[in-house]
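In what comes next, chain A is part of two complexes: it sits with chain B in the first one and with chain C in the second one.
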Partner chain A sequence: MTGLVFDLLLCALLLAAGLAAVVARGLFAGVVFFIAYGVFVALGWLRLDAIDVALAEAAIGAGLTGVLLLGAIGQLSRAGAEAPAPRPNIPLALACGGLSLLLGAAFLALPDAPGLQAEVAAALPISGAENPVTAVLLNFRAIDTLLESIVLTAVLVGVWALARDDAWGCRPGLPQRVRPDGVLAGFGRLLPPLGLMVGVYLVWAGTKQPGGAFQGGTVLAAVWLLAAMAGAVTAPRVTDLLLRAALVAGPILFLAVGIAGALGGSFLGLAPAVAGPLILAIEVALTLSIASTLALLVLGPPEARA
Partner chain B sequence: MTTLLLALPVALPLLAALIAVAAARIAADLAMATGLLVLGLAVWLVAEVAHAGPVSIALGGWEAPLGIVLHADGLGASFLLVTALIMAAVLPAARQGFADRGAETRAGFAFWPLALLLFAGMNTAFLSRDLFNLFVALELLTLSAVALVAIEGKAETITAALRYMIFALLGSVLFLLGAALAYSAYATLDMTRLAGVAAGDWPMAAAVALMTLGLAIKTALFPFHAWLPPAHSGAPAPASAMLSALVPKASFVIMLRLWFEVVPDLASPLLVLVLGSLGAVAVVWGSLLAIGQARLKLIIAYSTVAQLGYLFLVFPLAGGVGAAQPWAAGAWTAVSFHAFSHALAKAAMFLAAGLFLRAVGHDRLEGLRGLARAMPIACFAFGLSAIALMGLPPSGGFTAKYLLLTSAFASGQWIWGVVLVAGGLLAAVYLFRPLNLMFSKEGADPATLRPVPRGEQALPLLLALAAILLGIASSGPFDFLQIGRPGDAAAGLAP
Partner chain C sequence: MSGFVTFFGLAGAGLIGLGLYGFLAHAHLLRRLLSFNVMGSGVFLMFGAAAARSPALGADAVPQALIITGIVVKLAGTALAVALLVQLARSLGRAALPEDEEGPRA
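Moving on, here comes the complex of A and B:
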């Protein structure tokens, strides 16, 4: 009963936050509602026992996307752009409403398909992972994860391509000025050790429990950004070789393991005897690449400094 | 060996792109070597498929529905080969603009990984049988393409890139929704398995409708074409060549597979009529807009809107109730011919336009006057490509139009024949202006032009010759495309 009440309340909040994000006056309010919406979606996934998805939604859907959007608003106001007046877009609203109705009706009419849980459970013992989600991501459907991690690289290259030509070789983002005794400096010292622990734990636990490279990498990216905002670390130059190596280390290791498998007759195949350690190694390397890529995405293209 | 033949066309460009990020200095050489290597692999794969029939591998040893299958049939292998051929010519052509000359530059860094990732995305889209994996491949392809549009760094190209991104991501979301719906209904994402289990119930119809809408937006089908011309004309020429020749073909091939392999029974007379009509409108409208342009790259880009329209004639001519008819094989094969011919000719045209732009300094039409004397090879390449786009003999475009016309009349749907003829005439009109200027007697003094080496002019010529050769030697490709063709493998109307 409490469960039902909670779910109904959550659904109402979800709808309200989503609607508010769309109709809010001003970009900032819209983004804030969007972040709240992401948190409610994450709670929804929790209620559906999809803890991995909930973690990813909270970290990437609500957290990282929210930060990116807030950063975009900051860029717009610095550039002196005026926020467009919100105006109702009736055709778009009708199209989205129609799509929602279609999806809802299709959902209700779906034949009763059991999904692939039985197949996943049967193959889990030789997959090298105890968490079925990790087994799917790093083994059964490894190519999806490999390509998704490389999509992140493509996006970062695309963002960097928006730099000014004379800024190439500079550091990404704007310089941070912090009062040494301010709140930001204090948090910048206090939170990173905790965040570091959480991030590393998420990756380490990922093979057995919910967690993994994307979730852990997001937390680690946040830790690094916090330290950067507090002035404790500075972003490396975009031409820095170590940085470039960190960006591609994970996908390259993943791909190298895949090609080695292909030479043995199975592209992206992991022999059951070594699958566990290989998955852990790939997850660790991917975490490094994902964390650095996400952090740099938030910072934006390199900026020339006076 | 099959494993490597299917895996490496995906893996090698990915690996090269990642290395290009880490070691930008060698990126240009690496990209060229990758292009040639994948071309060799594609030739080998085509030989293998011609010899042994369709081949497939289960990634990681996991068969569908748990795992993902890569599969090469006549359609996939031939698209892979044409893509590799174009990339092998476009990547060297990009050296002049983007190769590292001492100090790393912004565009010089970004171009090579993006081009290689686009390559990998194309190859995955042609080989994968898994709907979600196809979504990821399209994402990789799209985001690389968007970034390539923005690479010039001007306000107008960044605007074009943003608009392209919004349309393309809308297409992605719709495709993903459709794939998710199909998975919830039948617990598999594999197209081969879906074809076996999917009934014509309406959740599956909704899924296919959403995927088709998403893919149509990505293929720039009228009325979703507005993003294409500014994006394709605003990119640097080698990027334009990849974007216009290749990128929309990936989403089209997926659409072809959906409707001809997965749910052929859902293709109702109304649906094939709507898709065919939108294609026909695209042919006419894109051509009319191309006629009105004053800049060469915009003419070529609007021509892509028109040329992509022909592809959708496959639905009324080979789909629905007509799929089992003898003319269907001809029409189904013809659109692949058209896609190849357009890809080769369009890549050649954009590369040639890039060389004109470099020589003259702008791409307004009057700058082309008398250019044939200074740059005979590039102008000849442009002329040959124009023949293929107009569908004149002996080009691959002619073979395609001949097959489509035969199907149109054999099936009694002469209206599509009118579209084909009108489209060819309109193409002649919009291509006549640049050709006439190029080959006019008077013109600018060659001494005022920046020189373009003959070696660079040879690259578009090679592609244009390939587009012509496709028409001269068409029976080999025709037979090859039948390997693994869905439906009735009737002899059809071979030329």
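Moving on, here comes the complex of A and C:
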């Protein structure tokens, strides 16, 4: 009963925070509500027993997306683009409310359907991972994850393509100015060691427990971004070969394993005897690539230094 | 279907409408992007709740993996959109498309 009340309250908070994020008068307030909203959604995933998704939502949905949007506000105001308070559009609101009602009715009318729990559980012993979500991500549906890691690289190419000609070869993102005795400088030194430990742990634990390359990689990206914002590290130049190698290490290793599988019979097929070590190797390489790609995506295209 | 899963499914449906409203009603592109993210997580929530309707079997890993993939791709798309709209604002001095400048469309 207390569980039901908690869930009802959580759903109400989630909807209220989402509403506040969408219709907030100020853009900054909207983004702050959006970050709070992301944390509520992560709590919702916990209640739905989807701990891996909760970790991803907290790290990516609330964390990195929030940083990205806050950074965008700063860049827009520097570009002189003002954000007027939005005007309500009542007919549109009614139409969208109607759509929500229809979707809700459709959800209630869904027939009971068995999931794939039994199939996943049956194949789990030969998958090389004990966490079923990791088994799906890196073995049963490895093609999705491979393509996803390639999409990330392609998006980074797209972001870098927006650099001005004179900025190519420079460091990504605008230079950070930090007060040496400020809060950011302090936290930028205090939190990275802790975050580093959490990130590496999430990757290491990911084959057995909730966690994995995406969650761990995101935490590592956030740690690096925090250190960069605090001025403790500087971003490498976009032409740096080591950086380029880190960006593609994951997809290349993944693809190589896939092709090796193809020679043995099936593309991306992992032989049960070596599946465990292979999954760990792919996870480590993917973590490196995901962490560096996500951090650079949030920083944006290279900028010429004045 | 257990009660609490229904709440999250319905909340997801509400968020989809909410996000769609913001996406269509705002002229400011960053507000649109934020609303689009709200709509996206509403879709994920509804999908995840639909997959969690038979708790006797435990959580289904396949939809979870799909949603994690979706969350990462959503961030990548958001990052590309932010980069595009910052460039637009730098060249035009405003963060809205020219056809959306004169108030709401007729």
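The criterion applied here is as follows: the second predicted complex is superposed on the first by the 294 of 306 C-alpha atoms of A that agree within 3 Å, B and C clash if a C-alpha of one lies under 4 Å from a C-alpha of the other, contacts with A are read in each partner's own complex, and residues count from 1 in each chain.
Here is the rule we use: a residue touches a chain if its C-beta (ideal position, glycine included) is under 8 Å from a C-beta of that chain, and two chains touch if they have at least 3 such contacts.
Worth saying up front: this structure is predicted, and the values here are computed from it rather than measured.
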Clash or fit (per the criteria above) of chain B with chain C on chain A: fit
First, second, both or neither for A:Trp168, with chain B first and chain C second: first
Which of chain B and chain C A:Val248 touches, first, second, both or neither: first
First, second, both or neither for A:Gly158, with chain B first and chain C second: both
Geometry of the superposed three-chain model: angle at chain A (Cα centres of chain B and chain C, steps of 10 degrees): 60
Chain A residues touched by each partner, larger count belonging to chain B or chain C: C
Touched partner set for A:Gly265, first chain B, second chain C, both or neither: first
Contacts of A:Phe34 with chain B and chain C, given as first, second, both or neither: second
Chain B versus chain C as contact partner of A:Gly104, first or second or both or neither: second
Touched partner set for A:Thr2, first chain B, second chain C, both or neither: neither
First, second, both or neither for A:Leu294, with chain B first and chain C second: second
Least C-alpha distance (whole Å) that remains between chain C and chain B when both complexes are overlaid: 5
Interface residues of chain A shared between complexes with chain B and chain C: 99, 103, 106-107, 110, 114-116, 120, 140-141, 144, 148, 151, 155, 158, 162
Complex contact set, residues of chain A against chain C: 3-4, 7-8, 11, 14-15, 18-19, 21-23, 27, 30-31, 34, 37-38, 41, 44-45, 47-50, 52-53, 56-57, 60-61, 64-65, 68-69, 71-73, 75-76, 79-84, 86-89, 92-93, 96-101, 103-104, 106-108, 110, 112, 114-118, 120, 132-133, 135-137, 140-141, 144-145, 148, 151-152, 155, 158-159, 162, 212, 214, 290, 294, 297-298, 300-301
Chain B partner contacts - residues on chain A that touch it in the complex: 99, 102-103, 105-107, 109-111, 113-116, 119-120, 123, 139-144, 146-148, 150-151, 153-155, 157-158, 160-165, 167-169, 239, 241, 244-245, 247-248, 251-252, 255-256, 258-259, 261-263, 265-270
Contact set on chain B toward chain A in their complex: 3-4, 6-8, 10-11, 14-15, 17-19, 21-24, 57, 59-62, 65-68, 70, 104-107, 109-110, 113-114, 117, 120, 124, 132-133, 136-137, 139-140, 143-144, 146-147, 150-151, 153, 158, 177, 181, 184-188, 201-203, 206-207
Residues of chain C touching chain A in the complex: 1, 3-22, 24-26, 28, 30-31, 33-35, 37-38, 41-42, 44-46, 48-55, 57-69, 71-80, 82-87, 89-90, 92-95, 103-104
